[in-house]
Structure formats: C-alpha cells, structure tokens
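A, B, C and D label the chains in the order they appear, each numbered from 1.
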C-alpha cells in the first residue's frame, strides 16, 4: 500500500465506536487480527477507535490506521486528529471519507498529499462508481467502495450490486493502476469475500460483521478461508 | 469535579495537536504534570491528543480528559469519539466547546447529560460572560473562560480583561455554585495564575505556554508557585 | 418583538424547503397569512424559503424572517446569509437554531448581538427546558420550544408534553421576562393553539400543518380561531 | 452550459455577501450585467445573494445562479437551499464548492445529479489541477479554477500561475470535453480576461473586482473589452 507495501488480498477491520471495540476489547480485537494473519497468512489491518490508536499501535505488528484525520499540519488544534500525530502514535495511515464521516473534496486532496509526505497510507471510502473515479484522480493508496445502503445490512455488496464493484475497479485502475480497490458493506463470510475477490477487488473493509460477532476470531477465520 | 471530586486550584493542560505533544512526547508531558503534582501538591489534569488518550490514561494517575467528544452513545460511528469509549480508555472526562472546536448548543447539552450518566467530568470553554452564563444553565462540572483573541497571545486574560473573568465567576456561581470556574488564554507564569485566582477562579486552562516551553517542567513548577 | 414590537399572540409560519412553499407558492402563502391577519386580527409572521426572502418581503406587510442566518458581518462569503443582507432584503429578523439547522452556541450569541445592532428580531428554537434556559441568557427576542420528536408528528407539544412548555415559559421569564415564548411541533388546529396559550406561551411556530394543508387559508383560519 | 446552452466566453459574477451587492444594489448589479451583455454581446451571468435570488431572477434575462445549494430533494429542511426551490425561483443553476463554501464530495456528486434531472447548470469551483480532474469525473456543466490564495488579491491567476489554468483545462477536457472551464481569482481587467482566454478557458468567475468597483458598469465594460 503505497510506501507501506502490504501483501494482498487484505482484510481491513474498522472497529467504529462500538462498545464491543472500546478500550481493552479494542486491543483484544487487534491481537485477534494479528493471530489470524499469523495462522492463515492472510493480511489484516485494523482501524482502532480514535482514542485507542496509540495504545493499539504499540500492541500489534499488523498495519494500524486511524478512522479519520484532518488535513492540518501539527499545531494549535483542539480535539482534531492530524496525520503527524497518527505517525507519532506508531500508526500507518488513515481511513478517509467514510460514509459516517464524509469529507470535503479539498480536505480529501490535502490529507492524501500530507499522507504521502509522511509515508502513510490512505484508504478512501466511496459510495458509487463516479465518486470512486473522482477520488482516484487524487491518488490515494486505496479506494474502498461501500454503498451506504448496504453498510451493516448483512447483504454483501458483491451479491447485491456486483456491477458497482466491477465498474469501480475498472474505472479506478484506468486512472492509476496502483490504487488498491477494496469493497465493503455487508461482507461477513468467507464466501462473501471470495465473491468480492472474483469481481476484481484486492481486499475488503469490514466492521460489525466481526466486531459484533459472538466469536470475532471464528468470524475472521471464516473470512480468511475465502481468500484463495 | 462533579462525581470525580478534585482538589482545587487545578492546572489543566490541553496539549492540543502540537508536534511537541504527540506520541511519546505526550506521555512525557503527562508524567511531568504528575511529578509536579507530587512535588508541589497542586492538582494538575491533562488533555492528551485524541489518538494518545488510552495510552496516556494508562501511564498517569492524574485526571485525564479528552479534548472533544460527541454526544452519541457507543455505536456505528467512524472517526468520532464517544464518551463510553473515553471511559473505556480509562479517562475521566472531556473538554467541550473549545474555540478550536466550537459545538452546537444541543450537543453541549447532550454531552453534559451523557457525561453525568457515566460519571465523567466536563470542562466547557466559553468566550464571553453571556456564553458562560448560558452554558452554566446546562450544568457542566466546570466552565473555562477563554477569550479567543488572547489564546496563544502570552497576554494573560487576568490582566487583559479582569472584568470578563470576575463577571463570569459571578454569573456562573449564581446559576449553579458547584460549577468550577477556570480561566485560560495567555496564562503562562506563576504570577498570572496568582492574579487569576484572586479574580475568583478555581484554576486555569493552559496550552502553548507549557507545551511549547523549552522546559515544560520548569514552566509548570513556576505556574504551581503562583498557587497559594 | 424587541425593537420590532408585535402584538401577541403570534402565529409564525416556517415554510421550510417544501415544494408547496417554493417560488410563487411561497408568495401566495405569505399573502394568505396577511389576509388571515387582516380578517381575524391575529398577528402572523412568515419565514420564506431562503431564496425567496427579498421577493416575499416586497409583497407583504406582515413580519418576514429568514430561516437561518450566519453571524458574519457583510463581506466576502459565498452562499451564506448574513443579517445585513436580510435587512437589505426588507425582512425583519431570523429564526435561529432550528432542529433542522442546529447552531454553535458562539454563533447563536453572535447572531443575537448582531441582530440587536440592526434592530432585527430573533426567534431561537430549543429542544428542551435546559436549552431554553441556556439560550434565554443570550437574550433573543423570542424562544420557540420545539421537541424534535414531535416535529411533523401531528401530535401537539401542548398535549404530548405540557410540562416542557410550562417549565420553559417559567425558566425563560425568570431570566428575561421580555423574551416571548412560543411553542412548536405538532400544532395544527385552533384547539392546539388554545391549549398552548393556556400553558403560558405567547404564540406558536408552525410548518407542515399549514404548508401541506389542502387549504392553507382554512388551516390558518382554524388556527386563528383558537386565539381568544 | 449543459441543457441551458450559453454562448461563450462568459463572464460570471458572484456577488458574495457584500454590503455593495445586497437588496436593491444586487438588483442593480444584475441589471448592469444585462446591459453590458446587450451593449457588447458578451455573455454574462450572475450569482445573487441567496436571499435575493428569486427577486433578481424576476428582473433580468441573463442566467442567474444561486451561490450554493444542498443535495436534498425539496422537503422538511429549514434554512437550506434546495435545487427545486432554485428552479421555482426562476434561476438557472448553482455555484458549487466555492472556497468560501467547500463541499463534501458526496454532496457535490449528488447536487450535480439532481441539477441534471432539473435541467439546471452547475459551476463547480476547484483549487488546484488534481481537484479539477477529480470533479470533472462528476461531470458538472462547468469547472471554475480559483486558487484560494489569489481570491480578492487583484493578482490574476492567468499571470500568477498560468500552468494551473492550462493544466486544468487539459485535464478536464480529457475527461469530458463538454465541461466549460472558467478561471477566477484576481481577474479584474480586460487584459486579465484576454490572457485567461489565451490559456484555454471559456470564461471567468469574478467577484470583488466588479462588486466593489467605484463604477461596476465601467469595470464590466473593461472586462468585456478583453473578449475578442
């Protein structure tokens, strides 16, 4: 992934602000991802809760990304996360423009530029093929297509709308073929991930399917089993 | 401070998003505050960078507050800090409505309510006497009056505009006399803090004066020396 | 209302951004309010769609308010409404902090100050008794209590939660007894308005009940009939 | 311009929220643009203050655009401008993403889609070549490149940074060659406009240079004289 090269396919876990992923439970989730990678060889990455970032980054060796960052340089800002502090926390990059944290286009551009300077990776979320194409022009490390209607639905985007995935992959790669394309929304099983990879993506972005699973490790192992 | 009783006067350090307060340097600043409290008996509290909160909270025993929190319950939010996660991180409360993160009045109300439920403290920043009075009606643990023009100026509010401090103390106490009134903006020496306490406040909110000091410990010791 | 004294009780119509209130239909709604005032003697006021403000203000003699304004002085702003332009448009004031446009507390304070300078009235919306009390400290011309859950519900706040209305009236008047207290949310008939006035309010804030009525004039006449 | 075809080159005047462009003065500015078009044959278009839109649209026959619009359909929104109301006001389109009103990428996409449905034109502002390319993928009617540092500077972008203009034209046309490319920021004379047209743009976006001119008509005539 950009300067931080990672082996694909990759399973990226966004733990959101769930009760099940806060504090020690967040550290445990990150360690579970790390175990699954060790046991299966499938790359995993984690986006801890904002307040847990530095703590989690100290505890695991898998890539750790913040869930959102502002485009500002380090400075006199209160309650905002800047990329230099993400790096100082030992993390490797940031999610951008998640549908639960939509961003201004000028800020997406500025965060991607700043991340390149700092050798951090960026995973920008998009809601449709046009927005995927649009953000591809800004050259993030990765684009994760996540149709908002499917988030948390349990209906995998790879089944509900394979065209949006296929078209996004094609459109993004035509602009910059080194952008990794992921898909998200509704992915929860190994067969979902298998179907997604067949549509051309190089990984998935997940949240509730793992965080709220009774047994997150079993859920992750099932997901990893879908990777050929 | 509310359910989390603290001894006053208190020195609250908001480390903002400065390079000098990120990652390990943020942990060191927190430990320095703790040392100064141990050596002088003056209460200190720290507001680490958002991404360092859980890490800092594990390392020190002084009160730790996040710089900003959203009014939502734990749940499906990406890149936002919720109070349940602040608590799970081992922290004790939150700053609110800093001039670098101004908040909607309905959100200030909702965060204060949620913090009470979770037994977390709230320090709400205000920019003038009317806004101090207004927020007092929402009953935060503490109100910190910080005229925006003086932030980072090196000109202490206690000298530049003693009336705003005196009037805020009077107005706030008339509404709820258990609200701690702090002042901020431009405070950097022991004599600034002494002057502020004489105007009736019970503590100060600081940032650059300590974070950007060549010797933060010396700066804090000088500040503590102004406490009678 | 403040410097723009109006006879109470008052019926304030917020036409929102409905199809039924755009363009010529918005002008017609304003003229209908004016007719109802002429025929019944009950004061009405209207908040046209933002883009229709100057046009509507030219066509009617009843008070006309914008639905939202920013705290800035006239200047280099694009796509924002400033109070000097509201005044230049011939309008008389602004709604503030509607639950569909919640505002930062510092902006509410600044807009109220600026409106006083310009002799414009301000109607600040609030969602509960504490927020009513809080905004009262900023001394707007009027406060309209509108519990968000009841907006557009057809269930009048005066029936669903008479205490919130009574308590808001009492709390607001204790701070500044010249603030007019209105209530909104779910008011649609003369008997709703009668019940509201009996709880101590001096008027109502309405939207869909009139705008989406088959016969807005009949709806307004029915409402006016509830005024003693 | 899209479904609303206009003859190029075009001079688009954004009157912002200046005192000099509010109310009757805004109507006069629009009529002045219309006169200049009649006298010189050069197309002009105007973006009145939000509250003056319907009034201005009634008074002139040149294209009239709102300065900002939200992506929502008509409905229960307070203090926001929706495109259906822009159309009902008799206007022809909207500016988007001005640096004084930066927009989320998902909203830019949604406003452009909605505008197409309603046969309204969209002029999207951009701050650099990458953002121009990015927004081109969303296919607005027009893109106006305006480096923020030059806005209101009196230094024309065509002189200060000709490459940003040339590169934006080339990048945008490669994606959709029917997108009109304008440039803005610092343009104030006929020779500025001439230089800009030579760089490949099809018009300019102006504000203070005309609005704050002692004689706006003379300023516009001078600008028009730069059009071959």
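Keep in mind that, in the parts below, a contact is a pair of C-beta atoms (placed from the backbone, for glycine too) under 8 Å apart; a residue touches a chain by one contact, two chains touch by 3 or more.
Just so you know, these numbers come straight off a predicted model, no measurement behind them.
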Geometric centre distance via CA averages, subunit C-subunit A, whole Å: 45
Centroid distance [mean C-alpha coordinates] between subunit D and subunit A, Å: 37
Chain centre separation in whole Å, for subunit B relative to subunit A (CA means): 33
Residues of subunit D whose C-beta touches two or more other chains: 99
Chain contact graph, described as a line, ring, star, complete graph or other shape: ring
Inter-chain touch pairs (all): A-B, A-D, B-C, C-D
Of subunit D, residues touching subunit A in the complex: 97, 99, 102-109, 127-128, 130-131, 133-139
Touching residues on subunit A, where the partner in the complex is subunit B: 14, 16-19, 22-26, 47, 49-55, 58, 66-68, 72, 74-82, 84-86, 88-91, 95, 98-101, 151-152, 207-208
